Structures are given as structure tokens and as C-alpha cells.
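Quick notes on the structure that follows.
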């Protein structure tokens, strides 16, 4: 039993493993089985699927590799819960993940427990550096799904006209946010990307050299109040502010404000349900197109991912992450650094770094094959676990994605 | 409490009401909350929605009309659970019915109980002929949803690669089915449609006169074995056998056999899960297009709805209905009459009878507004309650619908 | 040379052949090659395609059958210009007909001349009853395409913001149209369909008996002025007036008035270009859905195709046909009978008559395979050749089709 | 009359203007009016539209700006022939450009002549540096449309099963192409982008510094023979070779070989019609996805746009351009440099250079607003005018575009 094991004294890897695994379970504590089975759009997945897929990940990449003759818990789970690893086998179609009412949530919880037990046993019986490395990938993978689980359930609940809440409403401390200031950063030849000792994803390396011109970056995120000014100034009606694809998208989809805004921009839907918008809180749930248009309207631009990284390398990794439990960006005065609250869209297309090589084998499909038509976001959000983020971390989504906690930090050329 | 009331001695209308209402609940006995919340396609609805919608029907058409100042159980349920009655108000979009994880199944069951109680109270306190008439519509409406609940849940479970069963597999008694015989029916001037004392839907009347030429109708349904011959003879590859729209449909959707057939036509998915096909059982889950093409291949045709009614008026309303619990058509030798096992597609477009007038008010939207681009099916199926069907009963679906228990009974001109 | 032959004395069939063939050419006299190559929607075909397809029809059904060892003019024309005869071979995709810039209009005219010559030769050399029968089908087929050529070119020109005209604007004589009167028709057992000596399409027979209740039919078509009242009374905004499919269609396509109406219903596009609407002219270019909704709003209904035929059998086949050259319905006072001006939608789904058998062979695909999800129109229009129409003639289009000259004649039950 | 003017002695700008303008006309010499009006897909435009749009460009940006009170040739042409300049006004929908049969080709040619005359007059009467600058943009713009006119007409003709040719088949001299060699290029800090005296588009600047690692670039393009090996090795069936979006695209669209390849890769459609594939000619008409997959299969990668530019800056701008009249890439042995034959896909997303500012006003919409979800191509093609290309030139198309002359030049990291 996993519960029992949690009380025993464990090795550090085992402790970390159980901590991350149980955190995922905790995120579902307020959800019913019905909440957990439904898929609200093709981009999102059911909470139950997240529970099962992260478990399958350990089955496929740990148990199946490190245990001779390992028999999977169910012969069809690899088909049902493999997300996109073609090297491992075919996958049940992504848009249909919400049709799988059986196995039940309870059976998936049992699946988690059984795989947890086998992993813990394996760690105790045959610890190795290679095992720990792959385990670490699995745990970072699961942390990514913790964030997706939250953004996916938010999307589902938002589609319900009753506006059900995931948790109690938590109010930030409202503070006056002055005009955003600019922090100057010197240009020159700098190194970017990861080469530290700890864990980083393959797409964060190799560390390499780039030349940057001097620039300035805003000392806080763009607020809802500022974004409302953009709207009131005809922001969504002036094609000259938009990329051509962005203009086409807002016409086709009828966007007139950020996702989850209501009542003409007076209220929003949060994980705590409907509430009034605080003009000082960061604007969030906007697409790359909207971030780009806002920046143009404001006479500024989005930072490149390298500008952001250079600025962020100089400040501590601290901010409003999932660990605070607020699960929403805080009002502007409360954000001192560059991390947390919401991911910021950069102007950088998601590409490989010079000399990039994907991990060999199926894990090589983790990041590399998505380097096409996506844009990089940086900094982590209120739904990201605090120990998951770093200055070299690269998140990426297509230009039109809005259901992540994505916002804006402006940049401009040095004057 | 409904349970308590069920034990009390009740008036006949109250007894009938509770019998139909509890039958709907019983149909969900083997379903989990997860099974009941998911919607597998736009045409289908979640089981939970069926439970709630049929309850709303009594709220809207009975309680709201017959109880002054009636306060609905929830102010938003009319929006969530109104299917298509524009006269009553706007409706939550049909394709999104599966997104409503809250209210939960348990809350919907409570909704059912509360409405049941109010109806029973009303029947006891203020019985009237008008009340009973509308109650009867509501119960017939609920019986229709009992059948849809079964066909919708079948569709959902069929999409799961694990092939979960709704109930235990029930085998029919296999019997030799000889070559289908033909029953001759004399033509002439006949009356069609309902004018009896009991209940019938508005689309079954008025009773009116039609001239029919003499014809012959098959004495049993087309079997899976016969349909397999059609396939083996290139049935799905020969455009000359198909209506133009039908040919376009099978090309576009890649149909090569009936819905739920697998393994090149050796097995099928039933409410009891996967099993081998019995060549003697009636073919079912085919579209109007496939029924029409088969008939052409067989050198026969589909009956008109009036030919079927004329033949059926002479035989008892008996057959394999939902009450048998088999929930699948039985092998051919076991079907003596014209009713049950599966609905048969007729060649008749669904149109109003001469002199037809829809019921005034919102209930007028029940049938009349669908008289367009649909075809009539007759006879009831293994998922129809036995006391719901009669010889004048008109079911209707678009030409391409396959998820109902729909099959073929051939006809031909008298020689 | 066809021109030369036209001057020679010809047999009657040859004269008729050349008359119809040259009429088609004349319809293109005002069109440029550019007008003739473009396809404005999947439902419409380029004028050049009509010229070529009607020619191919004579190649495939006359020359290829009656001339041993006939070598087609071009080996690929059967692929390019076969419309939908699967028995003859594959067809170039219908929505792509506008991509065929070569052969040119001039080459297609040459194709017409060469086939004409061979047909005339054949008629002279080997006249036979069978040949003449198929020739007659070909000429009636070509007359249908003459009408389609006009409605297709109208659609194309209407998409051009410059509003180019096909011909000079021709004004009808405006006359006061009083309130529409009702003509009473006795019911009873009547015969319907064709059994005369002359030509009729297979779908007009066999002649058969039907019982009709007594009814009344309007003595004129519904006018633009009347239809505008319907619009002003919220006709397009009141779901209770519409079939469910119709309501969905007008929402999805944003219909708020008839096709080709402009400026909030003050003007329209005709084959003579833009002009003001005359409130007394018949409303035209409406779908079956709109006809049905108008009739409901007006407290009447559409006639069945048999009611129309019974009334029409008693009046002469006279009216405003293509031969007048007006190519638009005339104001109401000018229409005395039941024919011409515009086709009228009936409430009858397009089905086979009892005992119907399609012609054997490829010509059997002419009509029968379209008996699905279409509605019957009767009476001919201002774009129909006068000698092409009769009281048993059945035209058919899907419920949403609007680009034909289709309008409304009301009916109601006898009081 | 333009023809007359062409014989007069002209200023250099006037000469250049007339030279480019008449070159566009010449490209249409072999096309019929029918060829010139049709649009074969939403991405392509009719040849007539290219003739008109490039003329409108001079009307809108030259005549309307430099001539007080200029009256446009037709008040609606700005609506019809504005491509995407929202600052100037609304545009007729792009996918409908093929519906405009009037004005005719002849009227558009007259439009060209009239605008030409006014521009020549203006140049003579009021020459200025600003006028010449905008004229130069207009001529470079027209040269881009010369290339599009060729690729668009190729697409149109390819859809015709008769395979009509735009011009005579021109065979390249076949020569043995050895194994491709690698050219080493040193890395370091280099300047990129335009800062010369002549014309360049705004997206080619500002010139700026970048750090590059040393790399190698292939000394010739990938050939059809090599690409066929990729196919035969299962290239289109192995998901591990593809970007995730690329794999989805080839599944959805059923791609199994380059666009215009036929007969299982033995033949192709060229502007000279159908012919056998020469294994030594460069592969062309492939998407960014296919280029990327091929490179991965070959154990190499695509160059970045900066690697290509660095290599190209060292070689002369010479190669097989439109001026040769071949209008197809030549066999491998014949290409010595880095320019011409076909554009090469780079791995670089199309982004702005540091410090980029779009031109103020409507011309600012020329390039900047497309910097989203497109990839950069470099080097010019057999359809590019020779004097239009340079080492800093950036072409850009979405990942799935195949109808341009786009191919592959491999790169790899220095060993």
C-alpha cells in the first residue's frame, strides 16, 4: 500500500517520487468522478487521463525498462494512455480521451497505487544513476501535467453556465500599482541555456552563445486595467495592431476580450468561480496574438526569450506559484521579480538551440518534435510547482492558445 | 420521499407515473456516474441529461402549468435541460450536453425525486382530465427517452476499445430461419392513422383515407447472414445500388458494414459487449441508405409506412421489446409478427397527414417541426417499452442515422 | 458544318434537335469566355461545362450506341463531362468543374458542332423509333441544362460587386394585384402522373390513383410585398414559424431575406443587374424552408404536389417562360394560370410513384437515384422553355436550395 | 499608348518601370482569357488578378499620393484589387478572386496601360527621390507577383487531367551529380541583413550582429533521386522522422510524395506538361515539413537563414532564374552556387530583426504583419527574376506550402 509506504523512511528519490505523485492526487481532491472523466476540448484532457497518463509514463519508461519481464497492469493501458510517443506504439485518438468512462477513476487510482509500489520497490532494490535520471524526467513530466490538470479543469468548469468553482475564492491583497518601470539590461555576447548539474529538459540546451543588443524590460506584468484600456481604445477592432494571422483569428472566433472575461470585461471566471476583475491584477489567458497586439498598441514589444532569460538569470526564482494555493495571478504590487503569476509570451518561435540533439529513443519525442509553429513562454505561473521552474525553462504553445495562465511583460529597445 | 410513496396505495395515474419514472432509473442501475455524464456524439445525450430532461418536462408542462406560483427546483435547469422547445426559452447547446459535470448524477436523482413528489401530490390534490392528458404525454415522452438512453449508452460504450458491457450477454435461442416468405395484402381505399381512445402522438393523426395498390410484405426481418451476402456481393462498392446521397455518405464516412460490426463482419458490439454474429439474427444499426441499397440488391423494395401499417393493423402488438431485457434483436425463427426486435425503415419521408395540426403551445414543437428530411420507421424495437408501441406509431430519423435499432423488412409489388 | 446544315431541309427530329441545340448556344451569346469558364459554387456549373456536358450526353447515349465503332471526339471528355452516370465511368469531381480552362470555350463549341453533325448524319442515315426516343430524352435533358445555365450564370454574376448584367433590364408592366383569391378543388379518387403519348421523364409515372381531400389553392403567387410583410413581422426571427432544420439553416447561414435581395429588401439582383423591388412581383429565390415558414405565418400551407397537379390539369400550360426573354417573374396581375414565372415548392418529398421502375441502363440514373432528401417543385419558371413543361412535370431540389427561380403558391384545407 | 511610349527615349526609372511592367504581360502571352480568370485554390490568385493588383499598387501608392486630385480608373478597383492593406480599405475576399469575370482580361490590360501612362507622365513631369523609392518598391512588388503568377498558373494547369502545358518542354542538360560535398564555414560574430545603397525590403534590416557556430553547408541541392530513396526507405511512413505537425499534415492530406509528382514518383507535372523525372534534378515543391523530415533522415539538418546568408554572401548572385526561361530547376551538375533553381527552406521562423521597424503607413503592412507561423526561404528560384534576388533576401511561407519552387539544401554542425 502506498499510504503505508509513505510513512516508512524512504530514500530521497523515493520521497521525492511519492511527494510529486501524491501532489497530483491532492489536486483532484475537490473533483467528482464526473468532473474527472469529461474532456472539454481537443486541446484539454480529462483529469482522470492525466492521472493515468503520468502513471503510464513510469510504467513505460521505468518499470518496463528496469524490470525484466515486467507485465503491465493492463495490456490496453499503453494504447489508452500513451500521449504521443509513436516509438512506443499507437495511441487512442486525443480528441476522444473523454469517451473512456471505464476504467473508472477508482480503477485509475488503483493503477497509480500499483505502479507507485513497483517503483518504490525498484528504487529500494536496484537504485542506479540511470534509474534516478529517468525517474526525475518522469517527475518533471508529472509536474507539467499538474499544471495542465489545473488549466484543463478550469476550462471544463468555465463551460458550465452555473460557474462551478474548483476551490474557494482567494483574494489577493490589493495594492496600488504605479506606472510600470523599465529595467535596463546591457547587451553583448552572453551564454544561454542550461548546463548545470540538476535536471533540465533537453530543449533547454545545449548552452550556447548569442549576441544581444541592449534592451529594457518592464518591472511588472501588464494589468487587467491596462488591458481594458487597450480594449476601450478599439484594440480588438484595429487591424493595424495585429499580425495578419491574429486578425484572422479574432475575426473567425469572435474574440473581444481575454478568455474567461465576462460582462463586457467587468468580471471573470477563476478557479474560485465568477468574480469582479481587479484592475491591478495581471491580465491572463490571452493568446500570443493578443500579447503582440497589446505590445504594439503600447508602443513597446514582447521580449525575445533570450532577453527574458538574461534578465531572469540575475534575479531569484521566486514568485506566486502553485504552492501558494491561490491559483491566480496576484495584483501587480505584489510581484517583485520575473517569475510566477503567469507565463509571459516571448517573441521567439520555439526552435532548437544550436547543436541540439533530442534524447535517443522514445523520450526524444518529448520536446523536439514540437519545434514548429509554436512560441516560447517563460517564467512559470500560479499553476506551476515552485521547484519545477528555472531561468532557462522553455514552455511553448501555439499562437492562438489561451487556456494556459499566459500574460504579458513588455520590452523595448534601449534608448 | 418517492420510495415511501411507492408503497402507499396510489391512483392509477400515479401508479403509472411512478412505474415509468422508476423504470428510467432502473435502466441506469449498471452505469457509473462517469458513464452517465459523457456525451459520445452530438446526436446522443448523456444518461444524466436524459434523467434531468425528462424531469424538466414534467416541471415545465405539468408543475409550472398546474401549480400557481410554482418555483422551479433550480432557476437554470430550464436552460440546461430544455431540449428544443423555443417557445419556452433558450437552450444550452446540444453538442455540449456532456460538459455539465455539475449538477452531479446524485443531484439530478434528487431533482427527479423532488419533482416526482410534487407530481404525486398534485395528482392527489387536484386530479383532472387535462392534467392526466399532459401527464400521459410526459410518460410517453419519457419512454422515448428510455429507448434513447439505451441507444446512446450503447454508442458511448462502443467507442471504448475495452468494449465494456452494459449488461450480461444474453443469447437468443438459435433456430433455423428458412427463406423469408411473402404475405400478400390487398390494396384499395383504407384508413390510416390514429383515432382511438387511448394515447397517440399528434403526428399519428388525423385518421385519413389513402389508396394503396396490392403488395407483399416479408414475413421476417432481413438477417445478418443475408446482409453479409450483400456485402460479399460488393454491396458497398456498387454505386448502381445506392441513392446518390447514400453513395456519397458511404464514401465520405468509409462505411463498409453496419455500425457496431467488427472483424470484417464476424463479430459485433452489443449491450452485452463484443460477441460473434449469428447469421440468423436480424441485421440492425443500418441507415436508411443501407436499407434501401440492400432492398434494391435483393430485387425488392422497402415498404411505405402505409403498407406496413395496413399489414400491422391485422396482427397483435407482440414481439421482442425492452421488457424482455434482451436488448438485442432475436434470431429470425423467433419473430412471428411485425413488431419489435428492430424498427424497420420505410420508404416514406416523414410528412404531416392531411389536416394535421400541431398541439397548440410549446408541445406543438414536439413532432411537427421535424417533418423535413427524415424517414419514417415503424414497429418498435428491442429497446422500446412494450406498452409504448402501436400500429400507427411513427418513429423518424435522418437517412444517415445508424445508432438506433433499425433494420429491414422487405416489400414488393403484388405480382 | 452545323450552320450550313441548318439551312438544308431537315426531318422533324433533326429540326427539333438543331433548334434545341442552337438555343443553348444563343443563351451564351452575351457571355464572355471568362464568364463561361468559372464555377461560383459546388451546386452550380460553368456555362462551358453545360455546353460540353449536354454534347457528351448525345455522344454517350446516341452516337456511342447507334454507331458501331464510334470514336469519341476526345478520349478524356467522358471523364470530364459525365455528370453522375456511374454506369458509364468515373467523373471529374463536380466542385472542380471550374478548373478546366482547357479545352477552351472555342474548342467546346467545335465539339458541339462535330457531335451535331454526326447526330444529323445518323438521323438521316438510320432513323428509328428507338433513336428518336433517346434523342428526345437528350433534348429534354438539354432544356433542363438551359435553365440551369441561366440560374448558374445568375449566381456567378451576383457574386461580383460590380453587379454585371446578363442582359438588358426588362420591366414588367406593373398592375395592381388584389388580395389573392382561392380556387376550390374537389377531392376524391384521382389519377396522377403521366401516361400520354408524348415524352415525359420516368419519374412522372406510372400513372396511379390517389385519394385527395378537398382543398383550396391560391389564384396567384406570393408577392415580394407580401414576403416583405413577413420579414417585417419578424419572420426570420421567430423560431415557431420554422421547421427545425430550417431554423438551424437560417441561423448558420445568416439568412434574413431571399437570395439576391439587397439593401434591406429594397432592391434585388436580376439577370438585368441591380434594380428596385416591385412589391407586386412574385417573390423568388427562396428555399423550401422559407416557403414553408411563410405559409405557416400566412395561416396557410404549401400544396402537395398532387394538389397542384390536380388543379393544373384543368388549366392550359401557359405563362411566363424562358421564351418571353424576360427571365424574371412578372408582377402579380399578369399571371392568370398555374404555370411559369417561378417554380412553386410543394410540401411533397420527392419519392417514386407506386410501381416506378427506372429506365434500364445508365439512363436509369437520370432521376431515380435522387429520390432522397429533396422536395418537389412544380409548374416551370421564367427560365424554363415553354415546350418543356407539363402538369405532371416534377422538378426537385434540396430544402435549402435558393438559386433556382423558386417561389410560393399557397394552399389550404377546404373549409 | 504604352507601346508608343516604349519606343521613346525614357529616363532610367521610366525604362525600368516599363521593362518590369511589360515582363508581367509577357508572362501571360501563352495564356487564354479562361486560363487567366480562374482561381485554383485560396492560396493562389488568377493571373488576371495579378495583372490588376500590381497595377492597383501603383495607383494606390504612387498616383494617389503624388498626383493631387487623382481620380482612380474605377472606383471599385481598390476594393477588388487591394490584397491585404487594411489601412487603405476593405478587400474583396481572397478565396473569391476567381469569381470576377468582369472586368475582363482585356479591360484589365487597358487598366494597366492607363496607369502606365500616368506613371510615365508623372516621372517625366515631377521626378523625385521619394517617387523613385516608392516606384522601386512597386517594381519589386510586381516581380514577386511575376513569380506567384507562374506558380499559381502551374497549380491551376496541374489540376486539369489533360495536363496542359504553359510552355514547350525544356530539357536541362543531364550531367552526373556526384555525392554532395560539404562546404565549411567558420563561425563567430558576423553582421547580417541589408544596409547597402540599393533597394531591399524592410524585413531585410536592420543590419545587425549575430554569433554563429561553425557549420557546413551542402554544395548542391537535394535531388529527386535522393528524395526517392527517402520515400523508398519509408520516409512518409515513419513518424520518428517528422515534426509532430508535419506528421499530422501528411496523414490528413494523404501526402506520399512531392506536389506534382505522379505515377508513384516516376513522372511529374512541370510548366511544360507531364514528363519523366530526372533523378539528378533538384527535388522541388515540397513543404517545410518534408524538407525537415528529409534532412533528419539524411543525418543532417536544414541551415538557419543566417548560415545560408553567411555562405551566400561569399558567392556571386548567379544561377538558374526566370530569365533563363526554363522555369524548372536544372539537374544537379549544372548548379555551381547557392542561388536560383529553387528556394531552400531554412530552419528559421520568420521573425523581425532586432530593431526592425515597419515602414510607416499602409506599406508597413507589406511584410511585418506576416511574421508569425511562417518559415524563411532563401536564394530565389527558377521563377524569380534575376535582378530581384540578393543574399539578404527573405522569402517566407507557412510550413505546409508546396506550390512554390521550394527545395532542400542540407547543413550540419562542423565536426
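The letters A, B, C and D name the chains in turn, as written, and every chain counts its residues from 1.
Methods note: contacts are C-beta pairs under 8 Å (C-beta built on N, C-alpha and C of every residue); 3 or more make two chains touch, one makes a residue touch a chain.
Keep in mind it's a predicted model, so treat the numbers as computed, not measured.
Colleague: Taking each chain's centre as the mean of its C-alpha atoms, give the chain farthest from chain B.
Modeller: Looking at centroid distances, D is the chain farthest away.
Colleague: At what distance in angstrom does the C-alpha mean of chain B lie from that of chain A?
Modeller: Here the centre of chain B sits 46 Å away from the centre of chain A.
Colleague: Distance-wise, how many Å sit between the C-alpha centres of chain A and chain D, to the nearest whole number?
Modeller: 38
Colleague: For chain B, give me the residues that contact two or more of the other chains.
Modeller: If we look for residues of chain B contacting two or more partner chains, we find none.
Colleague: Among line, ring, star, complete and other, which one matches the pattern of chain touches?
Modeller: Basically the chains close up into a ring.
Colleague: Quick check: in the complex, which residue numbers of chain C touch chain D?
Modeller: Going by the criterion above, the answer is residues 32-38, 40, 48, 76, 79-80, 92, 96, 98-105, 156-157, 159-162, 164.
Colleague: List the residues on chain C that touch chain B in their complex, please.
Modeller: 84, 86-87, 189, 208-211, 213, 239-240, 242-247, 288-289, 292, 347-349, 351-352, 354-355, 365, 369-373, 399, 413
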